[in-house]
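Down below is the structure, laid out as structure tokens.
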């Protein structure tokens, strides 16, 4: 095992897959030798693989994705970076109407093995156009997979799987996670999609969380344990496919669930999770379902404002206490 | 009272508001004198109000919305038409990042009184790029209102309110509803946002439905009544703001809810409604929450395939029977 | 210009196939046998055939809502095309795509997208793929005059230009986007003028003259294959029918329609072939009956084919 | 060219205000007093001031992530601008917007969007609004070289061209988009050449020469006010610092940076004013100290202002 930062784990995945498979290549704005990616994920890769396979693009988000689609359906495995998750809105047609549907519309003739990497999340005071978490939009698009790694280990293993798979994967990263360190094996590994990870076992209440919120949930769980409340923290690792079995098993065990998600509450990730539990495990619930999410506002700039809207351990603790 | 088709009711709303207020104008592709709108909603308006106020645009969805934003924040009240709801994906940045956030980002200085009209829904065999229902994406965007009229009466009343309001409104229409007829008053009226309509009263089970699904729900309710199952059909009319009080009151009364929505199930409209009930009325539920929605597939072309994916009265009846 | 008789006859035959195919689709639609909507290619045959004749089987094309002609020109099977348009299980896309989403990956037909303009970046991506794989393929991307006002046109062509990708951007300028005249939505007369914004060649050609289109396309293909990058080719043409099957197209002046009908690309090409002594009246008749037979067989096949089973709707979402 | 002394001095003063303002922001950022990120305008002052000097208070501007300069040039209050950048309640947007989303609707500053290129259609919309309301306002839209590769650039300008909207599309070509050189992402040398794709005038001007910019802008404003439609103005300029505060900008050759620093628009303009006898050394000093005082007052105001209350985050979502 070795210790590595989330961003470096992502880079290792890219590097290993690019070495293994000549059809893998990267495209995006400022991902090449002059910048190395806005968050440095691709730093050094242009030097190793050349400018042909690590391509700096114009500021044309829609075409970054469109070009990836065209390359993917003709034999390549592009990994496209959209510099900020908010900007995926510019490419929504290419993502949702083209990449995701191209296989289906054409009756299974085509496949589009491509990955769209993008950072979501707030916490660094860059306001409404650079701080959103929009996973829910993409969960709502059949044909896409949606990965949401919360640790370096998950990030590397899931990204390798994403690149090797034959479906378009919307791969979410998180600005605050990039510097986060964690242990990963020295040897090569991949992680399956649709397999949740119990980040902490517990018996009184299930906390379902993704991305940066997993860490808030773990902190909350630790603090609650001192008050003898035993929290189970479930991290789905991919939202599509979703490990429903793990989610429901945990809920059936604890009888309570708090769903934590760093996106606007209405029609967000937490809504779908709550709905699944309400459909399939309601008889096991001993308390109402709780959602901890952002209020329905854009993300404000000023630190006290931003801090107010992004869920934190205190809000999780409060929610847990309301139902145990 | 008079009988009128949904599309004509919409046109009446546009005409009345354009007569009342010089700042109201329309823009969109083929909405003018040569075509009158792909679904004929704007037919005849260019003749009455001139080409300056009923503007045919280039095929530039993103700029149709962007131009509406620019006009709205400088004193006009644009009503933009996007020819098919699927194509809003092309304008997602202008809708979600600009129109919706412009007020908030600028600390309340600006307002963007604009309406985005677009038809959703399947049923006419025009396949994956022209048949989706994407309301959930827009519910997830704070700063937007989302209207979902199911009848000529609701369509006219809500559209007038949308035009008069000071917020951007995402106004959903439905292809199969355009020819649908219904009664409306002779005299002028408007309908408030955030006020649900009980389309049919009942006591055994609540069926929450929107748009074309309201009619499927009513048919199902009628059929179920013959088996002595009393169904209450709730139509929220606007998804944002949502009349939670009416929803919860109905659920508390019936103890059961089936949520019907013509969109892909995962992270769709039905997820949010289910989540609200699971958070706020779980103790009143006598059965699991049921969602009736599209399976997670794009909309296929061939009639038997399309019919299979779009929810209908039979699926609603089946869902109701599973919980009563 | 090619003087290869076989090739010229093949081009003529393809054009005829498209025309007869579209006439059948028109007819079947009137009989309520075609679900949904259709956008006929009749009148524009010289564009698809001119361009595709300059391509090899390994080359790619990216198509649009008005895609039947592109398919046939690239060599698609008439039966599977017709079956798809009728929503049958035996169609190219098993009935999932229909008229607006036909594709045949075996012949490099990368599919039709019904989002106007969305094919442009996809074509650039195919060009990029070619470049990275180091083959000498090219990709031809069809789109309309209306599509040239989409952001994707700008972005996609700029990308291909900058990276010198082997792509032909073929604007089928039929003067209208639905009911909207070109002059209502842009100030310039020739869409090809936009090429200068990307530093690539732009050519405007008579889109009803199949040999002229062929020549321009051949030149562009040559450039593309040797790494000189994309060309924007604008073909001035006209659709004989309304935008879609239900459109009476009353927004078009009668004289304009009449004038363009006189420029029918098939009649023109036939006259030319006669003059060139490549074709005799008799041979022309023969081709016509051969094509009629083929189209009728396609219709029969499509009509007799079963619809997909409802549950098949759940397949093909993921690989 | 204007020879009105008052106007020239005002232009010079504005440029200085921007420069000193940016220097303070740079300094405050280093002291951890500026949250988030900032994109400094230093070096590009001649563009904003040249253009805005050709506008009246009633005219509009649409701005970008690099927007401090646009604000100040349009006449924004230094205090409220600085307070916003520091996230204070007294800022233009009550701390909700920050550096990338400043706006002052009272002076026609319609706000900065941080989505590159997104302002272009919004500016066209403002132009449309002007046309429909029948006022004689114009709207100037600022954006970068990088932004000119966005689909919105194409769509937005085409719309304004077609409808003859009173808009100035001002491309601040500072040669780079983050670390990406212009030549990496387009083949043409002058973004202004793209104007021909829309049938409107395109002008490339030395963006470090405030009077040259002013003249070109004045001409474009004149055209716009009489209904002749938009102009695309490309101003070649250079940012003195990195893209954002944390960028060391090592991708730029040292010689290039040195050369451009020599072309500093403020120094150049001052020399010009001396030569024109519009300004004396002494007067220049006076202006400098006046501006210094103003900037210091703005900093003091901003630093002493309170942050918003957390719950204010919930306000201003809907009207």
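Order of writing sets the labels: A, B, C and D. Residues in every chain begin at 1.
Criterion: a residue touches a chain if its C-beta (ideal position, glycine included) is under 8 Å from a C-beta of that chain, and two chains touch if they have at least 3 such contacts.
Bear in mind that the values here come from a model prediction, so they are computed numbers and not experimental data.
Undergrad: Taking contact as defined at the start, I'd like the list of chains shared as neighbours by subunit C and subunit D.
TA: Chains touching both subunit C and subunit D: A, B.
Undergrad: By mean C-alpha position, what chain is farthest away from subunit C?
TA: D
Undergrad: Could you tell me the distance, in whole angstrom, between the mean C-alpha positions of subunit A and subunit D?
TA: The separation of the two C-alpha centroids amounts to 36 Å.
Undergrad: Can you work out the whole-Å distance between the CA centroids of subunit A and subunit C?
TA: 40
Undergrad: Of all the residues in subunit A, which ones touch at least 2 other chains?
TA: 57-58, 60, 62-63, 86-87, 89-90, 93, 97, 104-105, 127-129, 142-143, 295-298, 300, in rising order.
Undergrad: Residue numbers in subunit C touching 2 or more other chains?
TA: Residues 93, 95-97, 101, 113, 115, 149-152, 155, 158, 162, 184-186, 317.
Undergrad: Can you tell me, using the touch rule above, whether these chains form a line, ring, star, complete graph or other shape?
TA: Its topology is that of a complete graph.
Undergrad: Can you tell me which positions in subunit B touch subunit C when the two form their complex?
TA: It comes out as residues 29-30, 34-35, 38, 56-63, 86-87, 89-90, 124-130, 295-298, 300-309.
Undergrad: Please name which positions on subunit B make contact with subunit A in the complex.
TA: Touch residues, subunit B against subunit A: 86-87, 89-90, 92-93, 95-97, 100-101, 104-105, 127-129, 134, 136-137, 139-143, 240, 263-264, 266-272, 274-275, 277-280, 282-283, 285, 287-291, 295-298, 300.
Undergrad: Which residues of subunit D touch subunit A in their complex?
TA: Per the touch definition, subunit D meets subunit A at residues 35-37, 87-89, 93, 95-98, 100-101, 113-117, 146-147, 149-151, 177-180, 184-186, 251, 307-314, 317.
Undergrad: Taking the complex as given, what residues does subunit D use to touch subunit C?
TA: Touch list, subunit D to subunit C: 149-155, 158, 161-162, 184-188, 193-194, 196-200.
Undergrad: Inside the complex, what are the residues of subunit A that reach subunit C?
TA: Where subunit A meets subunit C, its residues are 23, 25, 52-53, 55, 57-58, 60, 62-63, 65-76, 78, 93-94, 97-98, 102-111, 113, 142-143, 145, 165-167.
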